[in-house]
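Worksheet: the structure to be examined is printed underneath.
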Amino acid sequence: MTHLFVVDNLALNYGRHEVMSSITFAVEPGDYIGVAGPNGSGKTSLIKAILGLLPPAAGNITYDPSIAGSRSVGYLPQKAIQSDTLFPAKVKEVVAMGLLAHKRGARFFNASDYEKVEAVLSKLGVAELADKKIGSLSGGQQQRVLLARAMVSSPRLLVLDEPTSALDPKIREEFYELLGQLNEQDGVTILLVSHDMASIGKYTKKLLYLDRQIVFYGSYDEFCVSGEMGAYFGPLSQHQFCWRHSHDVH
Amino acid sequence: MTHLFVVDNLALNYGRHEVMSSITFAVEPGDYIGVAGPNGSGKTSLIKAILGLLPPAAGNITYDPSIAGSRSVGYLPQKAIQSDTLFPAKVKEVVAMGLLAHKRGARFFNASDYEKVEAVLSKLGVAELADKKIGSLSGGQQQRVLLARAMVSSPRLLVLDEPTSALDPKIREEFYELLGQLNEQDGVTILLVSHDMASIGKYTKKLLYLDRQIVFYGSYDEFCVSGEMGAYFGPLSQHQFCWRHSHDVH
Amino acid sequence: ASRSQVVVTKNLKVVTTLFPQYDFVRQIAGDKVDVSLLLPPGVESHAYEPSPRDIVDVQKAAVFIYTGKNMEPWAEKIIQASQGKLLIIDSSKGIELMDEDDDHEEPDGDDENEHGHDGEDPHIWLNPIYAQKMVDNIVAGLAQADAKNAELYRSNGDVYKQKLQVLDDKFLETFAQAKTKQIIYAGHFAFGHFATRYGLEHISPYTGFAPDAEPTPQRIAELIENVRDSIRKVIYYEELVDPKVAKVIAEQTGAKMLLLHAAHNVSKEDLSSGITYLEIMEGNLQKLQEGFSGK
Amino acid sequence: MTYIELAFEALQYDFIRRALLVGSLIALCCAFLGTFLVLRKLSMIGDGLAHVSFATVALALLLSASPLLVSIPLVILASFAILGLSEKAELHGDAAIGLVSSFSIAVGVLIASIAKGFNVDLMSYLFGSILVISQSDVIISVALSVVVLVIVVFFFNSLFAVTYDEEFARVMGFNTRFLNYLIAVLTSITIALGIRVVGTMLISSLIVFPTVTALQVAKGFKMTIVISAFVSVACVIIGVFTSYILNLPTGATIVLANAVTFALSFSIRRLRIV
Amino acid sequence: MTYIELAFEALQYDFIRRALLVGSLIALCCAFLGTFLVLRKLSMIGDGLAHVSFATVALALLLSASPLLVSIPLVILASFAILGLSEKAELHGDAAIGLVSSFSIAVGVLIASIAKGFNVDLMSYLFGSILVISQSDVIISVALSVVVLVIVVFFFNSLFAVTYDEEFARVMGFNTRFLNYLIAVLTSITIALGIRVVGTMLISSLIVFPTVTALQVAKGFKMTIVISAFVSVACVIIGVFTSYILNLPTGATIVLANAVTFALSFSIRRLRIV
């Protein structure tokens, strides 16, 4: 099987500040990877490097032609709460932006585009906000809109940086189910950064655990079995974060 | 016992958009209240009204003299990730800002102030970041710095809007323990907005559940027992969010 | 390349702000003084910033000549910055009094806050009679500063005033035969004193003498109508600026554009070729003749 | 004469018809670009580039070259410098404008001083007035305005994306560099031309006022740009006729018309009528 | 003569000594206020308020009043308008400056037109040059600079808090309205005075350049303001002497000194030396 992209001996810096080095791993099409690690461990930086937003200090990343040029990537940044509340953009305008990658030339929208926008907004439970100004939404509502923007173009690769941090529990569950469907049925590859180990355990297939280097990369079950979980999260963590597993084991 | 503050028949609007109305409740000194509710239910708006940042459309809020004039209130906004990465401010400068409320006149700092700043930074595990520029921190690191700013002045009332949304699990636990101590030992009153029902259940004493009005206000245990939990979070929620309780009941 | 590096001579150093005084000094004193023009050619007082040596030059000079505070408000500050020995000649002295309206307010003592009096036209040099008065002021000042050449200055001054008188006579004579006495001027009208002297009518799109007011469309329309009605389709424009208004009117009416030079300042080439006030005024005479008479 | 008659009288003059035509086209360009500029905190770019033009004209005169030919490329360069500084030096747009504009004035003054003067008044060479547009300026203005408008419409969605969220636009494979420089070039051309044809005062106002007026009442981006374009053109037309009828300076009257429109839309928002 | 001798020669002149004294004080005020202004996206306020002054001088001449006395209160009002607009109309600072400044110029032009024009060039009435500072201006400048500096130092921490996070400052019981208006008043006074004494070009540059230079190398806020103050004063002193020695216009030379300093600190950051 051919890789979707390969990260090879990557190092990332901000100025003279080294964030991480010797990062090597590969992502296969159809993967659903939870990315976790302590604050400041380099999750956001790694993701930005994968998306081409942060130039590598060393090493390189090679992409499969299907996602090269980024025409088929959906992205939700960590800073999902829009800082500029004055910006005049309606929710549907922001979401429609996600469709532009697939267009050429003048990149005008057509009727089917607006249908797609409405469809994804409904899926995320914010259909009635379509005509609101983005700056007037609550934190969680904004996060959902940006999720919709990441997903509207049905990308082959979804890169989500703490997508559920501001979502209420109901929507969070629905969102994870949606992601599961996309991954299972449409074969979308997903990279999901989260501090919510329970959800990672419950929904994703693989775990990439970072701490300025790769601590663990493999299936979540292995992580639970390996000593790493206890080492990082304390003795109770097994019970807490390997929830579905611990209950199976009981 | 005298109330810390009383919210009386409050209504909040943005322009012609009504957010909530007929909100009435009282907070006692020493309370530890989890505030929850779906996205857009008005949690942030209510908190802003309590802090005097959003003028009420109707009703009013009366404060005990000990916190009136806001000299003894700590606040963490929901938009904790600083948008302006260019702002030249060191972490310790940002945290020291939290001490200014207690000062008069020229409001200069003295040596003991800097000790306080260092102490609170260590408590939150970011002591080594004290001299970094705030804009160069990761999302979770920034959230911790703003938490430190809210807590550095040992306020009588702490108002925290989703304080743990970007924190890693280890720090999150430590933070909740710290809050518990402050509440138990120092009698600090805490209002904590969160979507993490499990943590609210585990750590707070009371729950304020909002949905454009007050759905529930009382002890968390009662909420678990009442039908509300199931109604809002589905049949499994009892097991999930009334964790300590469900295990007690088992 | 600075004036202070010029070979040391014992000549009197004179600094003037505008071209007319500069030329008058040349005519009066010839090579007995070193005269320099403070404002570089073509530079509006707006964009003008002195360099420190400019100021040192003014201070090192014996005489500083300017037109008056309406023309060069910044000159006041240069004067204030000077320490002592400098002799300052306000070349408009006496003319202002002649021109004064009845309702002229007394200065309230604080000359910081003095402002321009509305209706007071600073372009006095364009009236040859006033120009003679300016020459008198300059002669008196130079004589005071350099007593040993005083006689020479007085006699040169008299000769030059005679030339100005001849100029005045020529204008009077020419205008006496003119078919029309209307100057249609597309710039800031500097020829107020000139027009009063010779009983000319004038029309300009600008109302003030300083270039701050924009023209209104009706004024431009009026100008167009005036050109259309006039016998000689001529529109005059001012020196050293891009004559946009004149061009537009000429395009609409087919009028001929003629330069009427107000001599505030001259171009670099003109300055180095040694053009004089009298030559400029003779040129104006020709242009006006062309507009006022038949051919 | 009634106002209507006066308005018809005005129309018989070439210079009024030119003011209406060129004014409306430049207003349209400014409204289109202004929305992007204001939202990128480049509201003062009209003013800043006017200062740059001052320096370029000084240079052109020093080199005895045609001011417009020297001005346009240098103004474009200056706008690249503004962009580059705000990226590389991590400045807000307005600080970058401040740097480039102060620096340019200083250079202009230095050139004027070294050249020991010019043969023409720098300012008059540069600054136009909407009433006195020459035949050749009409042709250039019409041609360039049409080009600017077509390009903005063609790239509309891309420009919106890069203005709203540059990082996201990059992820989606947009050439954000190209789009940024595109805006810079279009803005420079519009402003350099506008300063010469209608003056700095008017060009600066036309960039800021209509957009800010639209921002008071519009929720979406497309709406903002449509309202802005409409207000901008309407104010030019109203301003030209009003100034003729009331005998006022035209540029200033257009700015006042814009100010009144802004006051209206501000009140509408404040009174929550919309 | 060597450069050192020339510098000593320069010092014997009163006007040079005045330029050094008043220039340094104004530079210090500008550096202190500039840090707050640049971070609030009000970098172009020097330019904007210069345009307002233009209108106020027109008004003063129309009313036959003293230009400085009319100017200062109106400039303060204009800075309140800028503040008010950015709050109430929800504009970025630079858009508010753009509105107020274009509007003022238009009003100035209208006044000039209604008054049937003035006989003095309005701008020259207003613009100072650092070399020609009168005795009375020296006294006013020294007095006001000291007042501004003392106030900024006294309120330093409060002003920082309100600049960094106004909402948080309000929660902590700060009177943010008062602090905002305080900055506006101090800025207006400094700028109105600065325009008269050292000219707009210099005042605008002194607000933007030193702060932006400091931002390249400083991490913290206090450091930013200290570096900015140091750079600002150093550039004035270097500029005055250099302009004397090389016979260049002083204001422009000071601006160039600032530009060179900025280029240096920009390179330091880019080359990651610090």
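Observations
To keep things simple, chains are lettered A, B, C, D and E as they appear, and every chain counts its residues starting from 1.
Everything that follows uses one rule, which is that contacts are C-beta pairs under 8 Å (C-beta built on N, C-alpha and C of every residue); 3 or more make two chains touch, one makes a residue touch a chain.
What you see is a predicted model; the values in this text were computed from it and never measured.
Where touching is counted per the definition, the chains common to chain B and chain E are A, D.
Of all the chains, the one whose CA centre sits at the greatest distance from that of chain E is A.
Each chain's centre was taken as the mean of its CA atoms, and the one lying most distant from chain D is B.
Per-chain Cα centroids separate chain B from chain C by 75 Å.
With centres taken as mean Cα positions, chain D sits 47 Å from chain B. Separating the centre of chain C from that of chain E, both taken as means of CA atoms, is a distance of 35 Å.
Within chain E, contacts with two or more other chains are made by residues 90-92, 109, 113, 215, 248-249, 251-252. The set of chain B residues that touch two or more partner chains comprises 86. For chain C, the set of residues touching two or more other chains reads 44, 46, 49, 51, 211, 213-214, 216. Pairs of chains meeting the touch criterion: A-B, A-D, A-E, B-D, B-E, C-D, C-E, D-E.
Within the complex formed with chain D, the residues of chain A that make contact are 51-53, 69-71, 73, 75, 77, 86-90, 93-94, 97-98, 100-101, 103, 105-109, 131-133, 149. Here chain E touches chain C in the complex through residues 10, 13-16, 18, 58, 60-61, 64, 66-69, 108-109, 112-113, 115-125, 127-129, 131-136, 199, 240, 243-244, 247-252, going by the rule given at the top. Taken together, the chain D residues at the contact with chain E in this complex read 38, 41-44, 46-48, 88-95, 97-99, 101-103, 105-107, 109-110, 113-114, 201, 204-205, 207-209, 211-212, 215-216, 248-249, 251-253, 255-256, 259, 262, 266, 269-270.
Against chain A, the residues of chain D that register as touching in their complex are 39, 154-158, 160-161, 164-165, 167-174, 214-215, 218-224. Across the complex, chain E is touched by residues 2, 44-46, 49-53, 55-56, 59, 69-74, 77-78, 80-81, 83, 105, 110, 112-113, 115-122, 206-214, 216 of chain C.
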